[in-house]
Each structure stands twice: as C-alpha cells, then as structure tokens.
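Paired with subunit B in one complex and with subunit C in the other, subunit A is shared by the two complexes that follow.
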Partner chain A sequence: MTLASAGERRASQQARRLSGSRKVGRISYWPFVLPALVVVSAVVVFPWAFTLWMSVSEWKVGEPYHFVGFANYLRLLHDQRFLQSIGRTLLYTVLSVVAPMVIGTLAALLFNEKMPARGLLRGIFVMPMMATPVAIALVWTMMFHPQLGVLNYLLSLIGLDPQDWVFAPDTVIASLVMVETWQWSPLVMLIVLGGLASLPADPYESARIDGANAFQRFWYLTLPMILPFLLVAMTIRMIDALKSFDIIYAITQGGPGTASETTNLYLYSVAFAYAEIGYGSAIAVLFFLLIVVLSLVLLHVRELSGRILGTTK
Partner chain B sequence: MAAVTLSHVGKSYGAVGVLHGVSVDIADGEFVILVGQSGCGKSTLLRMIAGLESVTSGDISIGDRVINDLPPKDRDIAMVFQNYALYPHMTVRKNMEFGLKLRGTPRAEINEKVAHASAILGLESLMERLPRELSGGQRQRVAMGRAIVRDPQVFLFDEPLSNLDAKLRVHMRTEIKALHQRLGATVIYVTHDQIEAMTMADKIVVMHDGRIAQQGAPLDIYDRPANLFVAQFIGSPSMNILDGQFAGDGSAVFITDKGVHILLANVPAENAGRPAKIGIRPEHIMLNDSGIAARVIVTEPTGSETQLTLDVDGHELVVLIRDRVDYKPNDVLKIGLAQNHIHAFDADSGSRLTL
Partner chain C sequence: MTGIWTPTRRQFMATTATGLATAGMGGFGAAAATSSVDWKKFAGTTLEVNLIKSPRGDILQKYQSEFEALTGIKVNSEQIPEQQQRQKAVIELSSGKPSFDVVHLSFHVQKRQFEKGGWLADLTPFIADPALTPGGFWDDFGEAGKAFAKDTNKIGGLPLSVDYWIVYYNKELFEKKGLKYPTTFEELEATAIALTDPKTQTYGFAARGIKNANTPVWTTFMLGHDSYSVDASGKLLTETAAAIEAAKLYQRLLTKASPRGISGYNWMECQSAFLQGRVGMWLDGIGFAPPLEDPEKSRVVGKVGYGVMPKGPKAHASGTFGDGIGVAAASTKQGAGYLYCQWAVSKEMGTRLLQTGSGVPFRNSILNDPQVKAGVTMPGGWVDAIAGSAAVSRLALPVIIPVAEFRDVFGIALTNMISGADPEAELKRATAEFQPILERSEKG
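And now, the complex of A and B:
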C-alpha cells in the first residue's frame, strides 16, 4: 500500500463519519417540516400535479380515462375559439388595468388635497369595492338596458345616440370594462393614497424654488416617487382582470355569441358544460403560464424601479 | 438689482406669533448672517424670503418690487435647506441639473456648470449616487451644489455647513466667500457658528424671540453689543456679567451685589447709584499683580490659549489668557480688568448704558 492511498483512505473514512453525523441532523428536523409539507402537498402540489396529469389525458366525465400525451395542447393551437378568447382576455385586461389605474390615481390625487368632507367623499368613492358581484351584475344589467336603462337616458341628455352596451358584440367588452373600472378604481385609489401619504414634503419645496410648476412637480417628483405603489396596484389589477369571471358570467355569460368570452369563461364551458376535463385542464395550464409570465414581467419592472427609489435592496 | 428689504415683517401660525416687526435693509451684493438661539425664527424668515411661507404682516421686497405674493420660482433665489431637501429619486447629478433643466438651459451650459460646482464641492466621484447613498455632509454639499449652479440674484443658506467636519467647513467657508465675491450675489445666511458669523458676514443680524436684537458689522456688534442678550450671545466663551450698581457718590466705581468694587473709566453723573449689570469679555481680563484676588476653579488649556474659571468673592469669572499657565484648583492669583472694555447694561431692560 502506498502512502498516497493510505491518505485517501483516511480521508474517505473521515467523510463517512461526517456524512453519518449529517444524517442524524436530517432525522432531527423532519418532525418540524413534516406538517407543513403535508399541508402544502395536499392543497398546492396535489391539485397542480393532478391538473397537469389530466391535461395529458382524455377524460370525459362518465367515460373511461386514457393517456393522450400532448394531443390536448396541439388541439388548443388550432382551436379558434380558444385563440380568440386569449385575444379577448388580453384586450379586456389591458383596458381593465389602464382605466382603473388612471381614474384611481386621479382620484387619489384629488382626495389627497385638503377639502371639506374629504373623509365622507372618500368613503362614498370606495363603496363599489364592497358590493358583491351578483348584485353589481344585476344593477348594471338594468342600467345597460337599451330601452329602460339609465345609461341611454343619460346619453340622450347630452344629445348622443343610444348604445346597445352589453347587448352588441362591438360594445360588450368596453361596457364590461366600465363595470370593472367602476368597481376597482377605488382599490387603486387606496393604494396610491397610501403612497402619496408616504411622500416627503421638502423635495416639493426645493422644486418650487427650482422653478417647477404644479404639473412638473407631479411629473418629476410625485410620479416617480409613487411608482412602486402604482406597480403594486397594477400587478393586483392585472391578475384580477385576467382571472375575471363572476361579473362577466353574471352579466353576459360570454355573449352575445362569444363576443365577451374570455379564456376563463371558455375554460368553464369546456370543463363544466362540455365535461371535457382533460382538455379543460390543458387550457388551465396554459392560462396559468400566461398569468405567471405577465406577473414576472411586472415584478421585474417593480424591482428595477424599487432599486432606483430605494424601496427594495 | 437684488437689494432685499424687509420692513416690519411679521409671521404667525394661528395665534402663535413667530416673527414680530423684523426690518432689515440688505444692500445688493451684501453678505448678511442671521444668528440667534434655536427656535427664534431664522428659518422661518428665510422661508418667507424664499416664498415658501406666507407673510402675515409687513413687506418683503427684492429690488424695488414688493414680492409678498410672488411665487418662489419668480423670485430668482436659490436656497440651501437646513434639512437638505434633496430629490430622493434623482442622482447627485440630476439633483444639481434639475433647476437648470426646468429653466431650459442649454445642455452644454448645464454640463459646464454642474462640472464646475461639483469640482468646488469635491463631489465628482459621487455624481451618479442617490442621496440615500451619501453621508450627511455629502448631502449638504449636494444641496450647496444645487444652489450654486443656479446663479441666482439672492442666495439663501440655512446652516449649510453644520454637518461638515472642521477641515471641510473651513474649506467651504472660503469657497462660499469666493463664490460671493465672484458672483456678486446677495447672500442671506443662517448659522450657529460664531466664527462663520464673524468671518464671513458684511452684516450680522442677531435675532431673539422673533425680534431683531441688533444688526450691524460683526466687529461693531462684538465691540458694542446693544443689549445684554447680544452681549452674551455673541462671543465664545461668552461675556462675564456681574450684577450690582454704580457707586452713589458719583465716583467711577461699580459695586457688585457681592460687594466687589470695580473701577470704571467713567460713569455719567445721572447714573450714580443706578442698579445695572456690567459685562467684560474673557480676553479683557488679565493677570495683574496689583489687581483683585481670584481663586482658580478650573484650568482648561486649548493649545493656543488657556481658559480659566475663577472665583472672585463669589462671582464666577471666565478668563482667557494667551500664555500657557499651569494653575491648580484653589491657587490664588490676581487679575485686572481692561477698563475701556467694560460694558454696562440697564438692570431691567438690558439695554446698553454709555460709560
């Protein structure tokens, strides 16, 4: 036996002793991790794994189940109704992010100023947020009614032609976005209001001396300083709008025709009306990926702005 | 023309009066320093001149124009705030450029001015940092830089050097003086630093509880304080004050409340027997073998001078002497007062009495 190999043996013995002691450590922390692991597996991992599994299967309720590989996904690529629903969802989402962001931010700026009865006005503005979707759907369906609805009456007052609102394919998305905006601008306002309250006062004094007018102060100071809050509001709004279901379903059920059928509604029809669980699961998986990608993009933007403003490391 | 005139300027927040009838004439290109205890209204006055606070009463004019209601941006002033007030989301460079950009200054000129100011202030290596990545002193220099690049008619400085170390402070003092001479702008400057006030000012304005206690050239104020407050506020260590009264027989003697007799150069006849306070600065008391006996309480050598705290029949006197001395507590020595440097003040009003 050479010297070198003796040395190697000693080293390997040592390594075995070390790994032995590590094994003891591993056993000792399992009891602490296990309960959480079980719960997470049951409520998160299992449903996901099961959805993934079903998405590569063909399984209609009441029929035997069999494995089909990526057939469901390939079918999606040619499913016009699915592709159109994605486009519609994106349109609906963009509008339902932009409109509440603009209105909510303006409202926050307004309600941040000192004014009489500010608390009361803020309270009234926030109320739509607390209404239940079905009640909202009921009220707005009545307001949208072409003959009896208050909206066309209001249009007639300012001399505009009556509209068909949610009853025509051309206007249904815009009309639904109106409802979404009415309900969720208050949330944006609350978040932005929090941001405004956290702004330091003295940079504004410097800016006044540096010669900035009110708009420039808003543009160069307020906006960049509340950007992290805007991005939080935007992320929440985006995820909510992508997933939006209740209001659309209660008001239009995706109609007229499929004019307001977003991916979420199509998914619902496939899975529960046509009982194609496998195909529905494939839609769910793709839809989830879409949400994740969009959220990651926003998160990244937020991180960038946070680094500049010092709100994140 | 950037003479600044304050006439009977008053300020109240609701029922609380902060400034009362402040009148100061500041000539074009003059360097005026405001001093006074914390809370006496210096920052408030500066902010009113800047246009950040409304004027409750009186008038503020720049040139011949009353500017009470003129917005800050139209006053052609630059201000260094006590708390810096930097733009937290902008780099040092952007902070300094902002005012120029808003005024539509050409890019080349902006770059030149910013480069120049950052060189004066030693900020070159920090230009791309954000304010929160700077130390207090560095932030203060950025605030200075932001004012310097603007080239205004009037500079307002609110304790701009308070956070700098001693060496940098001396350097900045020289720079500000040089800047003032080069630009010929009017400067209104708040400080707590006696040396800054004495060395930089053309005129010192001493404020006390929202009123002007005295204004004038630094040495005039030092040599002839108009009242007890100024006498004690200006000068460090501050003036020794003794209570008592002038001799009743008309001789030039002041008798303290502890019975010490102090010879004066002269006492006007009408003041005979009048209760008063006299003051003498620490450097105007000398060791003098034929003088009054004094017991040493504390000896504090500062290097260039020695500061002694002495007990003279129950009066505590601070004395500053040039020589290195090595007295121990309870040593007894003899001191004399420089007669023509003794100040007298009325016992009640505190206003100066002629001797």
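And now, the complex of A and C:
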C-alpha cells in the first residue's frame, strides 16, 4: 500500500463519515421542527387555504357548497357598500395613525424631560392602553350621548353648542378616532420614549455650543434619530387601525347607517349576520391583501430611511 | 274555577303527596300533579338550553329548578344577547351538531330560515301524545302564535311570547300642553311636534333610528297604510306609494320631533330618554315597560300612558313580533327537550311572564283569566294596551329567509333619510339592492 493510496482511503472514509453525520444531523432536526410545523400549518396555513377555497364558492350557512370561480371577487367590484367601506377604512386608519403619532410623540418628549412625579405621570398616561376595549367603548358611548353625555356638558361650560358625536354621520369617524387616539397614544409614547433614551448626548452638546434652539435641536437632531422608532410605531398603529373592530362595533355597530362601517365590520355582517360565508371569505382575502400591501409600503419606507440615515446597510 | 292560585282540596293533597320531589316549587307542582303528563318520563337526562338574553330568558332561568324537580331532568341553560344568539344558533344548527337541545328563537326573524334548514324537530307527535301533553294544549294558543309556529306540515316550535308595538306616552307632558293621546297618524305627527321644545330638551317622539333596528318602525307605519313590505307571493312592496308615505312620516317624526342624534338610537337609548321624562311619545314593544314603572330607574313612574298604535290612513294595526322555543332536530333528547318547551309555555310560566310585565304569552287561558289579570304588577293601562293591540295585531316583518339583510338594507335607507336623503330615492335604491338578495335566498 502506497502512502498515496492510504491517504486517499482515509480521505474517502472521512468524507463518508461527514456525509453520514450530515444525514443523521438532517434527520435529527425533524423531531424539533415538526411540532412547530404542524401548529403553523393548523393555525395559519390551513385556515388561509380554507378561506381561499371558500372565497371561490357561493356558500351560505345551511346550504350546499357551489363553486363559482371568481364571481365573488367580481361582485365585490360592483358592491357599493364594500367600496365605500374601503374608503372609510383608509380615512379611519390615516386619522388613527396620525393623531396618536403626534400626541404620543409630544408626550414622549415631555415625559423624557426631568420633572417631579414623572414616573407617576407616565403611569397615568399609559393607563388607557391597559383597559379592555369593550369597557372603553361602553364608557365613551355614555360620554358621547347627546343629552346625557358629559362631553356636551363640558362644551356647554365653555359656551359651545352641543354636538351629535357618534350619533351623526358627519362626526362619527372623527369621534371614533378620538377614542382610538385616547387609547393608543400611550403606545406611541412608550416606543418613542425608548428611542429617546437611546440617543447620544454629544450631538446635543455640540448643537447647544453652536447656538441651536430647542426647536432646531428637535428638528435636525432628535427627529431624524428617532425616525426608525416612529416608523415602527406607525407600522404597528396602521395594522391595528386597519383591523380595528371592537371599539367601532361596540359604539356604533358601523352606524349611523353605514357612516362608520369599515371593511372589517362589513365583512362581519356579511359572514355572520347574513351567513354568506363564501362572499365574506372573498372580502377577507382582499382585506388581507390590502393590509399586506400597506405594511410592505411602510417597511420599505423604513428600509429607505434607514439607508439614508446610515442605520441600515 | 280552579288553578294554581286557587287549588282544590284534591290538588292540595296531590301537591303534598309529591313531597320532597316538589320541594321548593311554587304552584307548578300542583297543576302538574293533576295532569296526565308523565313528567318523570325522561328523568336522568341532561338538557342544554340556549336562550336569548331577555326578560323571557330571565324568567325561564329563575324557575328552572322547578322544572328540574318536577321532571328529574338536569338543565344547563345559557342566555346570550339577541344578535349573537341568533348567529350562534344558525351556525351551530347548520353544522348538524348543535351544542344545545332546546333553542329560543325569534319567529319574526328566523321562521323561514329555520324552516328551510329543517333545523327544528317536529313537535306534532309530542303534542298528540297524552303522556306528554295535557288535553287542549295546542288549541289554547292564539291564532297568531299558531301561525308563527306552524311549518307547512309540522309544528317547529312552541309560541312563547308575543310583542305588540305600542306608544308609551308621558301623561304629564301631555297635560302641560293640554294635549290628548293621538288616534290617527296625522294627530300623532301634530302632537309630536307640539310637544317638542328643544330649549328645554323635550321632544315629542322617539323611535329607533339606528340601522336594522329601525326597519320595524317603518313597516309598522306601512301597516297603517294597509300594506306589508312583501306580499304573499314574495314580491317586494317597498317602493309603493304606501311604503313612501310611511317612510316620509318616519322622516318627519324623527327629524322634527325627536332628540338630537336619533339616528344612533336603538330601543335602549329611546327608553333611556323616556325614563328621563324628556320624550312625549315612544313607539316600541310592549315588553319594555317594566323599567318605566321602577322608581329606582325611572323619573316617570305613575305618569306613563300606554296607547294602542294610532290608526293609519287605511288601517288600524299594531306591529306584532313573536318569540318561540323549539327542539333541535339534531338533538338526541327530543322528548326531554319537548317537556322543557311545554313547561316554558305552560300556563304557570306564562302567568309569571305576564304578571311581571316581562312579556305577553300567546295562550288564551292566561290572557282571559281575570285572576291572572288581577295579579299583574303593571298599571291597568298596560293590560288594556295588550287587549287593544291584540285586536288589531298584524305581522310587521316579512316572513322571508334574509330578514337580517332586509332590516340592514332598508335600515340604512331609513337612517339616510334622517340625514336628509329623499325617501323615494332611498327606497328605490334599497329595493334594487335587496331584490337579488331575496331572489338568491329562495333559489338555494
């Protein structure tokens, strides 16, 4: 046996051993991955596949399944109530993102400053976020009541005319956004507060030496540096506002008329009040796509801002 | 006349003889002991009962232990708010494996849907069985109740409670303005406007303005024009002159004589405004009366008048709605379930319903019994309103499958009218939207 052939044999044995251990390794992963795979398939993949399957059917509860292809999707294109609900959802979402973002950011800037009882005040500000949505809705419904509600009483104290709040089509969306803002501004505040705590002190010292005032320090230093945090907060708020259901349903049930009927509420009516599961599933699919597209846009914006600011490579 | 309130010696002995078995029971044991019904036939069974959250559901749960002691049947009952209960019932019944044996249903909304689905067991053989049903039981129900309960060839549920729509009115506000209770639609409108004074936050009229719930208000006005919303052949009558006139009256009353924000009002908000003494007239179901006479909840105790719906231009009619209770066709405990239903609509339970003002039973033997009437805790005017409404009662909602969609589509149109939309245009749009829904429902 030559030295060369002995070396080849050893190399070949080592290769076989490595190959075998890789195979064993691959096989040994499966018992760990399988439970998660089964759970994800059962609670995510299967419901989605089933929803897609139902969306191509004309299936009412208690009646047989009829395959109708894309008929439900075509019907949606002419369904005025659905199309109007999309517009309302977008309006509600924009307002429910912008208002908490502004108030939450201002609150974060305020609570970032050293002041007496800061911890207590932060705790009080965060409380609405911890309350149960249906309980919040019931309390606000009472507050909105045109005759008995406290809001009109407060308006009367400062000489303003009473309002109809959630009881009139013109003011219902703005009134619901008020509740949403009250509840979710604290979340934005917490996220932004985390961002503010991580900012370096050096740029601010330099800016002060260079004579920058408070607004200039905020606009040129703070805002760009907390932008990634704001975008995270914005994404969370957007997804949350898009799929908002509990507050709206408990306060107005989409009314007066359909003035506050967002896509989620319409979907609920179609699927559960009218028992049109097939058509409701088609709405669910389109609504899901809308959320995905808007989320991707925001993620892309975040990516872009990260590149511009140099925080993402 | 003998009954649970005036037992004979024989009944008294029979009651005593049942001993511990009927311990804790009121009069029901006495009446039950003298009937031929074998109440113990299904002893040991456990029943699941699904009820609508309502005064009717409350009464059934309150006296449930009596039924359990009488029959040896264990009952697990739950009450769920109306809208959610309807959805749960439909989903579970259509699955073929409902989690309940007995279900409380709203005939005025679910009758056709339940019939088409074949979801309820046929109670005819149980009613015909003397071991399960006392003689004359079925004949004791009023015709409206029988019509609600009968399918083409079966009895799908027992009539539990009828709800007539009446006008509650604040006698004090009427006296202040020197007004009399209106007897026609024209007077109704004029009186409502005369009572309205926004400066003092007093309004002449309140009725449901919120979508879906408001549709029966409009269909009740349609009845005054001698018109239904759907005719016997299934044709929509929602664009007719009668429908438009009824919608215009709805619009005028709710814009000229109603509280601010009425388009967001359901019965609860209307009741709340009436309880505060700020509303002259409130049109709604007779079953909402008890809180008005409760000093802890009401500022108008003793001042409430109970008026039969005023006459329309062509007819005098009171919108009528009804609840029932039936056994799921998929239940394996139909006999026990039937006994529960029979107990729920019994004279004793119906008496309790009526006397507490929680509802009006369909059984003539209760409504015609002077002793029962004497025990009613509500004012005499309320009892008179029942009698007056019963004489002119007519179904206010169409007997079709998609009642929920009907109420939603036309409810949205009515709410838009409160915001100023043209009634004729709105009804035309709503009819065009609802027509295909109705056609699809009957095809499947």
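Points worth noting:
One rule holds for everything that comes next: the second predicted complex is superposed on the first by the 274 of 313 C-alpha atoms of A that agree within 3 Å, B and C clash if a C-alpha of one lies under 4 Å from a C-alpha of the other, contacts with A are read in each partner's own complex, and residues count from 1 in each chain.
To be clear about the criterion, a contact is a pair of C-beta atoms (placed from the backbone, for glycine too) under 8 Å apart; a residue touches a chain by one contact, two chains touch by 3 or more.
These figures come from a predicted structure and were not determined experimentally.
Per the definitions stated earlier, placing subunit B and subunit C onto a shared subunit A by superposition produces no clash, and the two fit side by side. Of the two partner chains, subunit C is the only one that A:258 touches; subunit B does not reach it.
Of the two partner chains placed around the shared chain by superposition, subunit B is the only one that A:210 touches, whereas subunit C remains out of contact.
Touch criterion met: A:168 reaches subunit C, while subunit B stays clear of it. In the superposition on chain A, A:224 contacts subunit B only, with no contact to subunit C. Contact with subunit C, but none with subunit B, is seen for A:148 once the two complexes are overlaid on the shared chain.
Subunit A is touched at more residues by one of its partners, and among subunit B and subunit C that partner is C.
In the superposed model, A:133 lies in contact with neither subunit B nor subunit C.
Minimum C-alpha separation, subunit B to subunit C, in the superposed model: 51 Å. Overlap of the subunit B and subunit C contact sets on subunit A: empty, with no shared residue.
Residue ranges on subunit A touching subunit C, taken from their complex, read 60-64, 145-148, 162, 164-169, 252-258, 269, 272-275. Interface residues of subunit B, counted against subunit A in their complex, comprise 50-52, 71-73, 77-79, 81, 83-89, 98-99, 102-103, 130, 132, 146, 150.
Against subunit B, the residues of subunit A that register as touching in their complex are 200, 202-203, 205-213, 216, 220-221, 224-225, 308-310. On the side of subunit C, the complex with subunit A involves touching residues 83, 87, 90-91, 93-94, 113, 116-117, 119, 201, 209-212, 259-265, 269, 272-273, 276, 278, 402, 404-405, 408, 411-412, 415-416, 418-419, 437, 444.
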